[in-house]
Amino acid sequence: MSSVLEASPLTNSLTAGKLPRRASLWVLLASWAVSAAFFVMLHLSAAVDGFNIVGTFVFGTVLYCVAIYVLSRLVEGSRKAKDRLMTALVTAAFVIALLPLISIIYTTTVNGLPAILTPTFFTSSQRNVVGAGGGVLHAVIGTLMVTGMATLISVPIGLLASIYLVEYGRGRLARAITFFVDVMTGVPSIVAGLFAFALFALLFDDPGIRFGFGGAIALSVLMIPVVVRSSEEMLKLVPNELREAAFALGVPKWLTILKVVLPTSIAGIVTGVMLSIARVIGETAPLLIIAGFTSSMNYDLFSERMMTLPVFVYTQYANQGADSQAFIDRAWAAALTLILIVMLLNGLARLIAYWFSPKLGR
Amino acid sequence: MTTAAATTIKARQRPGDRIFSSATVISGSLILAMLAAVAIFLLVESLPAFVAGPDDFSGDVTNFWSYVGPLVFGTIYSAVLALLMAVPVAIGIALFISHFAPRKLAQGLGYLVDLLAAVPSVVFGLWGIGVLAPLVQPFYTTIVDWFGWFTPLAGPASGTGRTIFTVSIVLAVMILPIITAICREIFLQTPLLHEEAALALGATRWEMIRMAVLPFGLPGIISASMLGLGRALGETMAVAMVLSPSPEVIFQLLTAQNSNTIAANIALNFPEAHGVGVNILLATGLVLFIVTLLVNMLARVIINSRKAFSGAN
Amino acid sequence: MNFKRFGRPAVIAIAAGLALSSCAANEGATPASDEASASTLTGTLNGAGASSMDAAQQAWIAGFQTANTGVTINYEPSGSGGGREAFIAGGTDFAGSDSYMSTDELAGAFASCAPDSKAVDLPVYISPIAVIFNVDGVDELNMDADTLAKIFSGAITTWDDAAIVALNPDATLPSDIIHAVHRSDDSGTTKNFTDYLGQAASSGLWAEKASDTFPFPGEGAKGTSGVVDAVTNGTNMIGYADASQAGTLSTAKLKVGSEFVAYTPEAAAEVVAGSPLVADRAADDLALDLNRKTTNPAEYPLVLVSYAIVCNEYADAAQGELVKAYIEYIASAAGQAVAEESAGVAPLTDKLEADVAAVLATVK
């Protein structure tokens, strides 16, 4: 992109018509400085109270986009200018996405940390706890069991279905599955919960049925389409040359899929599975209906109510007692716990994907 | 997999092949069966709602269709707004991670965005009420003062900032990781040869992306957006907690009266619903189902009208 | 097989979960022996109903389970209507409800009760509803039913309206728009609030029937905590919420007779004690016709009363024994004190307590 000779006093035909190497960095800093100066003046002239640090960076970044485009256009021409502008915009998009993330993580951490650090938080349940104290052990166990069961149901079904769609499926059945998987992404989570409830209330003839496995079924309804869609996209991206090479060597189709296609796309598939887990692990509405909630421990997926973390967050927030701060603290702490669990699972899955994916050098 | 012509060379069918392919067929069919079960359940439970009289609804609503109309509008309005905000940003992030950021950094950055997907919707709700709404409320007042002549921005501004626009921002943040993650993986799969060919012809990085990466990734981008839209349409708790709803069709983005969404309406009214009220809410769920169906059909038509770039065909 | 790889995170998660799950520290199997010997009750009791009394139920459950270690009680705040429905269908052993059973419901059969046996409403939970506000520079606010009706129906739109100034001559009221916050979800709190406005305000100001759904536009928020958050985070706000959740927000005084009455648990209990039973019901059904129009300044008329709904006679006598013991505990002075401390309810007056106990004595 830039020449090694930019410092040379001699005119060099290779570097002519190019901005110096660190130009964009300096322009960025200059833009922020100008913006800061502007906001300091605004502050001093008492037009607004307080120095607006967010405004400084937002305004400075916009200024940078304009400045780098104009500069580059003057020196390097319109194509290069557009490239620099897009680089700036793409980077800005990334920073924009980070803002809410940082804000949410910050809010959750600040509000949740005090309660999470209490000694009983991970060692006790809410049984017989009134007001402050107690813990979320029952909800952590419940979430891991319900989501784990949902994953065990959804991933094999979803992955096999996406293999069918990409590798085998032709004709009407494949079209129907593709279409209805799309439709399934639109099932509102609460409807999934109602469906599971109606199904099991009918099967077991119990109008007040609540159990963890029902929650897993409800989550599967939400999880399967995400697994299918993302896996399908990833499988489609595996170059046909790889398959043809395997076939040419006389490898049976099923082994080609297992040994060639899946390993090639495993990073993407694992990302998709993790996304689908993240998608459902925070679901509140369906679990509220079918898994119910309790303040006691329950290790049995197949009988009695089971607490889960999102439901715990919701009930702590929605049904506060007189000492409302204790309830709000617990809600935030449980939310933080949930995020930490998903972080952990995510990291684990990435490691797995890293171990198993072929090393392609990119 | 039928062989049409006699000249086709048929591969020897091994038991492994047969077991594996029937396993995939069964899984696919199982999905259809599951969905059919959900649909039948919804339809059966919805039937009483279509004949419900004015007494079964609160307010001035006389029949089911005038009840669900504003909800459909609010659902689509908020979801489309969210998609408009999220897709450009998501493509930007995905490109940044796949093509701009230093390779060492990219993995970690992707991980960071995936984290957003893990935040439970209740927390988005709490964040929307406690952080975002108070933050944007002063801007709403200013915008209404300056641009109030433009109908969607007309006042009076909400006193709390809990408007459909705020909800769209929250929804956009929620669907961002889904769209980003899929776009990122797809951009990474762009054939290196295409990219290098573009660069060799003297294209700048952006031109290379526009000519090689984006056309290759387009079906994936649309597919990812549809997944995001699906989530935005069906999001329940965050909308229910943040939105200040009203049972009408309202185009204004910044006032205290906003059209509610179907899913949020179910969440708000289901706990106290009984009798035919439950059927009415389930019928709105069926309508949401159909809305997503139409949206997805549209997306399919768009994808099919373009030449597919994927490797498997 | 490849599927092991994808299943692995889940498997590890479950394994980690099981390893973690040795036992919850507070759920030991060794209760204090003297307490255990005091009670012979065992079993599981399921109830469902009004979410308003959930916090109190949790306190009662904790108290009852501590005294009777063999008993587990679950209360699910699935809503009053849903709670009654589940109880009638036999899904639960008792219901909590913000409104008493309708005559239609009473006419039908009750699946958990003995054949031909009916159910009764017992008032066990009294919660004052506070009018909360957040206006810069205003700490105290006097209101009457007429003005509240005008504010919440949108007839009054600014804080310096003549009607509000007339009630608050000393306050410095801003000329800003009033943002009136109501519950966006269906709730018994809304029903009691609108019932109060409908009965206490002058005719024509609030023509709407009392209902779970708020009848006018305005700023809506989900749940009591949503309303409290909206009022706290906004400016020039007013709203209504269960008094126990008002927290640090200022609450308005209501005009009763010729005086302005702040909510207190005692004043709330008084208005309930002063209200007559609903006519034409079974003698042991303690459904109350709340006296919203009271002019006695010792009473605070904006209250919510929740009922425990139980069978006269249970099909399963052992279950009846449990319900009886549990509801007796709830309605006792000790139970009410626990709920006052943890959920801010107004304890029942002695007379009402005795009435409830007398009915419970006949439950089997």
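The first chain written gets the first letter, and so on, giving A, B and C; residue counts start at 1 in each chain.
Following the convention adopted for this analysis, contacts are C-beta pairs under 8 Å (C-beta built on N, C-alpha and C of every residue); 3 or more make two chains touch, one makes a residue touch a chain.
What you are looking at is a predicted structure, and each value in this text was computed from that prediction instead of being measured.
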* Structure fact -> Joint neighbours (subunit A and subunit B) are C
* Structure fact -> Greatest contact count: chains A-B
* To do: With chain centres taken as the means of their Cα atoms, state the distance from subunit A to subunit B in Å.
  => 14
* Asked: How big is the gap, in whole Å, between where the Cα atoms of subunit A centre and where those of subunit C centre?
  -> 38
* Would you give the residues of subunit C that are in contact with at least 2 other chains, written as numbers and ranges? => 51, 77
* Asked: So which bits of subunit B are touching at least two other chains?
  -> 130, 267
* **Interface hub residues of subunit A, defined as touching at least two other chains** => 156, 159, 258, 274, 317
* **Complex contacts: residues of subunit C adjacent to subunit B** => 51, 77-82, 84-85, 177, 179, 181, 184-188, 211-213, 215, 217-222, 226, 229-230, 233-237
* To do: Would you pull the subunit A residues touching subunit B in the complex into a rising list?
  => 79-80, 82-83, 86-87, 89-94, 96-98, 100-101, 103-105, 107-108, 156-161, 163-170, 173-174, 176-177, 179-192, 194-195, 198-199, 220-221, 224-226, 228-230, 233-240, 252-255, 257-258, 267-268, 271-272, 274-275, 278-279, 281-285, 309-310, 313-314, 317, 331-332, 335, 338-339, 342-343, 346-347, 350, 362
* Structure fact -> Within their complex, subunit B touches subunit A through residues 1, 11, 14, 16-17, 19-21, 23-32, 34-35, 37-38, 41-42, 45, 88-93, 95-97, 100-101, 107, 109, 111-124, 126-127, 130-132, 173, 176-178, 180-182, 185-186, 188-189, 191-192, 204-207, 209, 220, 223-224, 226-227, 230-231, 233-234, 236-237, 262-263, 266-267, 270, 282, 285, 288-289, 291-293, 295-297, 299-300, 310-313
* Asked: Given the complex with subunit A, which residues does subunit C contribute to the contact?
  -> 1-3, 5-14, 16-18, 20-21, 23-27, 46, 48, 51, 54-55, 58-59, 61-63, 65-66, 72, 74, 76-77, 86, 89-92, 223-225, 244-245, 247, 338, 341-344
* Note which residues of subunit A are touching subunit C in the complex, please. => 120, 122-125, 127-131, 134-135, 137-138, 140-141, 144-145, 147-148, 151-152, 155-156, 159, 206-208, 210, 258, 262-263, 266, 269-270, 273-274, 277, 292-297, 299, 305, 315, 317-324, 345, 348-349, 352, 356
